[in-house]
Amino acid sequence: MKNITTLTDAIAEHIHDGDTVALEGFTHLIPFAAGHEIIRQQRRDLRLVRMTPDVIYDQMIGAGCARGLIFSWGGNPGVGSLHRFREAVDVGYPHPLAIEEHSHAGMSVRYTAGASGLPFGTMRGYLGTDITKHTATIRTIECPFTGEPLAAVAALNPDVGIIHAQQADKDGNVGFWGIQGVQKEAILASTRAIVTVEEVVDSFDSRVRVVLPSWVLSAVAVVPRGAHPSYTHGYYDRDNAYYRAWDEISRDRATFADWVRTHILETRDFADHLAMLDSSMAQV
Amino acid sequence: MTAEAINTTTATDYTTDEMMTIIASRDLNNGDVVFVGIGIPSTAANLARRTHAPDVVLIYESGTIDTKPTRAPLSIGDGELAETAVAVVSVPEIFAYWLQAGRIDVGFLGAAQLDRHGNLNTTVIGDYDHPRVRLPGAGGAPEIAIGAGRTSIVLRQSTRTFVDKLDYVTTVGHHHGSGSRAALGVRGSGPSIVITDIGILRPDPVTDELTLMSLHPGRTVEEAIAATGWPLKVASELTTTQAPSELELTALREVSAR
Amino acid sequence: MKNITTLTDAIAEHIHDGDTVALEGFTHLIPFAAGHEIIRQQRRDLRLVRMTPDVIYDQMIGAGCARGLIFSWGGNPGVGSLHRFREAVDVGYPHPLAIEEHSHAGMSVRYTAGASGLPFGTMRGYLGTDITKHTATIRTIECPFTGEPLAAVAALNPDVGIIHAQQADKDGNVGFWGIQGVQKEAILASTRAIVTVEEVVDSFDSRVRVVLPSWVLSAVAVVPRGAHPSYTHGYYDRDNAYYRAWDEISRDRATFADWVRTHILETRDFADHLAMLDSSMAQV
Amino acid sequence: MTAEAINTTTATDYTTDEMMTIIASRDLNNGDVVFVGIGIPSTAANLARRTHAPDVVLIYESGTIDTKPTRAPLSIGDGELAETAVAVVSVPEIFAYWLQAGRIDVGFLGAAQLDRHGNLNTTVIGDYDHPRVRLPGAGGAPEIAIGAGRTSIVLRQSTRTFVDKLDYVTTVGHHHGSGSRAALGVRGSGPSIVITDIGILRPDPVTDELTLMSLHPGRTVEEAIAATGWPLKVASELTTTQAPSELELTALREVSAR
């Protein structure tokens, strides 16, 4: 249990201003609680990494945590644009945001290379596009056997990888199931790793499909509903109303700032935040 | 009304989205392995599975293989996709072992802008460094476009979307046309169909330029030309798209219901 | 169920003289029944691929099925040498055997590249060894970002991949659990794929961890105990006595030939072979 | 006899394999992540876990991570390894995400031939194309040697095994010595210990040449020199290996019992 701690302590200890930080979770298991704690502790100048920077990164970017973003698809799925992300890119508010764009396949190859201890990964990708013109971490490589040109992408090795999972066992091993995304690779590619879990169990649910041993995890923190408003398979569903409501909240600077202050900065922790949402008529 | 009557009866009361979805569905063959995104593609693939193509295989980029949701999912990572899948794999695996390896017959694509060769922009309107509108970016599209056997593009037609020149090439279609796509060394034959709210376009077999092949009931060539940012090629034997049947529409509404 | 057939028909239809054929299974789930059927149907000039050519390939090589072998470790685990393999390499009996040697890591990268539709894979490997001098499918590649030299290995894409698994469902999907080896990659890297299974079930055991959908499998055949003398997790243990006895049987050409004739060529199928073993005092 | 007495009492009746296994076990530190093969390495790692290093993490190349078998397994792919593992992953993953990524502290290696710099041959005796003895080949060794933080080599010493020149370099140790290993661009510090039936060798800090540091009880320098195919360097302060304690031997026999 030596790696089991609180989320407050985990973020305080392992995330420093200027770090490259990846919060992963593909629709499922998005680590919202950890993102909020980073906002709450007011980390700055982070280079954020995420295949699908959605509402969680809109919140972090809008709250001023980020100076850079490495990503492959930035939107509010099923709803529309990310207004805080767009305002950072378009007019540099609250800070200019240096973006590095890839495709989903490219990001997954970059994480895989990082998790594998290789400096680059190879793929059939990007050919005929403008992406290579704006992204320095894509080069062309020739197959040494066939001579055919392929895309090489630089390995991604964040300082910190953060995910949410269903369960930890008493030894601090972590298990999850359902849509698994790129979470394992993000954790294994990162120098330090933080995992929030729904609960600690004596032994894993039989549905667990991916297990990360305790000794590759810097910190594990129990945060029930820690992926809300995304979902945790077997625990709770996606809060689609929250995602829809986010469009209105995030559209205006002042409304957004007020929301962040009352819902994150002035709450003690994620449980407090959730209690506020639950008790609010408007939910968000 | 008998089942047969439903099957053959032409519906009259349907939305443009329903029309586009049904055409996308008809375009799939039984047994096709389809890489689907959320929205019309997902609904179309599920509709095909419930109607003429029961053995169509659905793969979502979230890593769910051979899913059989009872309803078209709301998001690409819906829990039901995992629960009804034959296999759930990681995102790196879905792109490497399944898409890149050439196991996908048809990929669906959408875009903010499309050019006459079916190249797509989902990244930015205006200058990249000083964008007029920042769009979501590439997602899975660049590799779906060169990993799938062919692609099906679903996109409403207007001079804003059908442009003479893309502001940014996110995803390659037929490149500069006339076989230049193959010369890039990419796989797959590229966009085989573009389904719009006005009609259906397909690439010319020689020049690869998108050509209007069919108009939806009640739409005109003039409308199509006016909604296209380049001088639109029109097939000499322009047909009228078959309107949705009652059967198709009923099945679609069952699939879409939430 | 359209892909469910008999092993006899699967081998007859999908394996041709001269094919490159990979039978995988890492200690666990070795497809012995399929190997025997290839011997029984007297396929010739196969280029065999396998990370650990153990007793199953000793039998196939000794029986004259092979002209080539791509591998990374050839021995009878815990017992000693493979006498038929060694005699083929040393003196070309019954046929000369062209060998192509890699390391385990190299083979797994080759299969992975093959399964991924890439012409090569990259790894940190082989440096400072003589392996590269004798194996043409290893080259050096430079990282286009860091300039560091790495090993590139050519993709492996066998004509046929063969594995054994615990279960198929009624749709012909295949599921297995326990030590999974390189089986998934071997199947996905191959043009055609054959799987033998212990049984067909209505729905998979909850222990199933790897699932291969029916549409990537050319043929699925039910062969109970089809991995004997290796083991099938949850079904039966490894027959260590068989592996030990193999040393004596395979040492002498005539003893071996007699064993192959009576135990494989003159048996109808693997069930017949197992019945003979079970009823025999000496077991093998 | 009290537990303490067992702990400190020197055993007298033990085999050479037991001695070698116990030394290999002592060489592991608590918390080490160890990549183990079958035989002495596996037994040694399990012994360490049962004695002085309860938090040693065992990884087998068959893909079982953090296994806790009750007995040393018979084969690298034993079912018990999967059943007692924290995680079971594929062989490609174990080599890429775990070994190559640098997550292993200690790798065990054996060989048919070893040279003075700890390079190893497990491929062939004689000419490659016309071998005198064909050996199993590389297995996991080449990448264990350059992926693990350091390696521990267990090998009986004789002029057949300790040779002046390898017939074939399957696995790199300290290469040509004097820091040339690092110049290859490989990871890890290479062989830190060679445990034989006669004594213990370690690389010289400057030349990387294997040097006899310790003799097992009852063995002599002359024996060691006679069993080495090159002029063996002997440490100026040669020690005697501590004989197995009763505690170690009892634990070892429990681990080995089948």
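Just so it is clear, A, B, C and D label the chains in written order, and each chain counts residues from 1 on its own.
Everything below uses one rule, namely that a contact is a pair of C-beta atoms (placed from the backbone, for glycine too) under 8 Å apart; a residue touches a chain by one contact, two chains touch by 3 or more.
Computed from a prediction, not measured in an experiment: that's the story for all the values here.
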{"item": "Other chains in touch with both subunit B and subunit C", "value": "A"}
{"item": "Smallest number of contact steps required from subunit A to reach subunit C", "value": "1"}
{"item": "Of all other chains, the one whose Cα centre sits farthest from subunit D", "value": "B"}
{"item": "Interface with more contacting C-beta pairs, comparing C-D to A-D", "value": "C-D"}
{"item": "Distance from the mean Cα position of subunit B to that of subunit A, given in whole angstrom", "value": "29"}
{"item": "Centre-of-Cα separation between subunit D and subunit A, whole angstrom", "value": "41"}
{"item": "Whole-Å gap between the CA centroids of subunit B and subunit D", "value": "58"}
{"item": "Touching two or more other chains - residue numbers and ranges from subunit A", "value": "117-118, 123-124, 148, 184-185, 209"}
{"item": "Residues of subunit B touching at least two other chains", "value": "96, 100, 147"}
{"item": "Residue numbers on subunit A that touch subunit D, as the complex places them", "value": "115-118, 171, 173, 184-185, 188, 211-213, 215-216"}
{"item": "Complex contact set, residues of subunit A against subunit C", "value": "117-124, 137, 139-141, 143-146, 148, 150, 152, 154, 206-207, 209"}
{"item": "Subunit C contact footprint on subunit B (complex, rising order)", "value": "31, 33, 57, 65-66, 86-87, 96-97, 100-103, 147"}
{"item": "Subunit C residues within the subunit D interface of the complex", "value": "26-28, 51-52, 71-75, 77-78, 81, 85-86, 89-90, 101-106, 108-109, 111-112, 123-131, 134, 148-149, 178-182, 184-185, 209, 231, 233, 237-238, 240"}
{"item": "Complex interface listing, subunit D residues touching subunit C", "value": "38, 61-64, 74-79, 81-82, 88-92, 95-96, 99-100, 119, 123, 128, 131, 134, 136-143, 146-147, 168-172, 175, 181, 184-187"}
